[in-house]
Amino acid sequence: MGLLVKPMETSLGTMIYTYDGAAGEALGKRESHTPKIEAPKSVKSGEVFEVKVKVGPHPNTAEHSIRWIALFLEEDGRAFNPLMLAKSSFAPGYAQPEVVFRIQLQKGGILHAMEYCNLHGLWSGKSPIKTG
Amino acid sequence: MGLLVKPMETSLGTMIYTYDGAAGEALGKRESHTPKIEAPKSVKSGEVFEVKVKVGPHPNTAEHSIRWIALFLEEDGRAFNPLMLAKSSFAPGYAQPEVVFRIQLQKGGILHAMEYCNLHGLWSGKSPIKTG
Amino acid sequence: MGLLVKPMETSLGTMIYTYDGAAGEALGKRESHTPKIEAPKSVKSGEVFEVKVKVGPHPNTAEHSIRWIALFLEEDGRAFNPLMLAKSSFAPGYAQPEVVFRIQLQKGGILHAMEYCNLHGLWSGKSPIKTG
Amino acid sequence: MGLLVKPMETSLGTMIYTYDGAAGEALGKRESHTPKIEAPKSVKSGEVFEVKVKVGPHPNTAEHSIRWIALFLEEDGRAFNPLMLAKSSFAPGYAQPEVVFRIQLQKGGILHAMEYCNLHGLWSGKSPIKTG
């Protein structure tokens, strides 16, 4: 008898690690790689607020560093998500993988951050945010 | 009785559309949004070759455009994937969402491209590549 | 008689506006476009410190916004300058043109910030910083 | 008697090397660092054409590489220049500092390319282009 189930196809999205989804070798990397989002849980629609995203502690050398962090919004009720809000890149040895953006939203949802480590791939984290 | 199954958690990776994974409203967007990779199926290890990535035809205005395309490698046998190879951003109205990079790989695997449309989110496509 | 003096050649560098160098139509744009750097005047070598760079008040729409801010160091005694330290890009309507980076320097010099407005070009500002 | 001439202030723009403006130590770096633009000298208004920008031959390692290339237009008759058209970044060891964009212009002018080498700073080159 042949294979009855088509093997799961990988796509880029399936390769983005998360704290809860990490397994195997990635388990030991999740504390140093998962982006942490510091943002209010509730903001007024249209009001500017600060979002800090940080990764690490993590090595910060030309051979191994967090190259960039990007911030996205999964907006409530939106057919197509996410919206990209901002991105920051960091020169190894000079800039820590931590950034503060000033954001304003018309509608709430879930903030997602993604970071790229040149040795350990793409990692994402998230934080819900409401507007009222 | 309450809910017996914990609802599926979303992460950023689950939001990246693919041609085969698109459903509902995204079905009508997949021809105009899935990145197409033109690259050799087999290259010599270390040899430089061209990779073209293109998206569209797609609108190209300040209000609606493909903002950037990034190219990644899922390298055979590597514990942590992907590796980011190159990225290009495009000014609406001036640059089409199409780019040619010159790449060299030590080991083969799968090339993945990701693009961002400011209205229709993140989309990925892929193309296998061998080294010999 | 022909022209005796070769006309001044322009290069990209000569097009980057500064507050003091702005003239003509650019005079009216310098308050809203010159990047302002908030950083200590003196830091310890290797110690992490915050650098805020902000632009504006400035419109923030798809048709007209500050697209990105980059931070550089003109390092004392270095033959080739500048070093790029970090960069941030901003989605119009969602992210204000203001960012906080966490930087560490081995040697002091002058911090330079550059920003790009899609209608009014490239602008730079600077702030000296010592290490001790 | 004191100094009668205020010393020339540096700004970021004055630090961007060009082939003709390079002096001293930069003379030996200009062949490997000046971006070369390959584009038509004349195009039809609105028609898509290819622009190749390349740098090098140049080392391509984590410690020393061309990190990115950006393409700008100094548009004829425009009060504020330049316009940013496209940008590409390159992962050391995987992507050569060479890229092909597909551009369309309403008006001609001068194409300018800028690149960043993490050891030898910012360099620019240019190529005139007419529309008809």
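Just so it is clear, A, B, C and D label the chains in written order, and each chain counts residues from 1 on its own.
Just so it is clear, contacts are C-beta pairs under 8 Å (C-beta built on N, C-alpha and C of every residue); 3 or more make two chains touch, one makes a residue touch a chain.
Not measured: the values here are computed from a predicted model.
**Student:** Give me the set of chains touching subunit B intersected with the set touching subunit C.
**Tutor:** Touching subunit B and subunit C alike, sorted by label: A, D.
**Student:** Of the other chains, whose C-alpha centre is the longest way from the centre of subunit C?
**Tutor:** B
**Student:** Taking each chain's centre as the mean position of its Cα atoms, how many Å separate subunit A from subunit D?
**Tutor:** Distance between chain centres: 32 Å.
**Student:** Would you mind pulling out the distance in Å between where the CA atoms of subunit C average out and where those of subunit D do?
**Tutor:** So the centroids are 17 Å from each other.
**Student:** Take the average of all CA coordinates in subunit B, do the same for subunit D, and state the distance between these two points in whole angstrom.
**Tutor:** Here subunit B and subunit D have centroids separated by 27 Å.
**Student:** Find every residue in subunit C that makes contact with two or more other chains and list them.
**Tutor:** Subunit C, residues with two or more chain partners: 83-84, 91, 118.
**Student:** Which of the residues in subunit A end up touching subunit D in this complex?
**Tutor:** Contacts found on subunit A: 62-63, 91, 118.
**Student:** Where on subunit D does subunit C make contact in their complex?
**Tutor:** 9-16, 18, 20-21, 25-26, 29, 67, 72, 74, 79-84, 110, 112, 114, 116, 118-122, 124, 126
**Student:** Touching subunit B in the complex: which residues of subunit D?
**Tutor:** Per the touch definition, subunit D meets subunit B at residues 48, 71, 73, 83-91, 93-96, 98-105.
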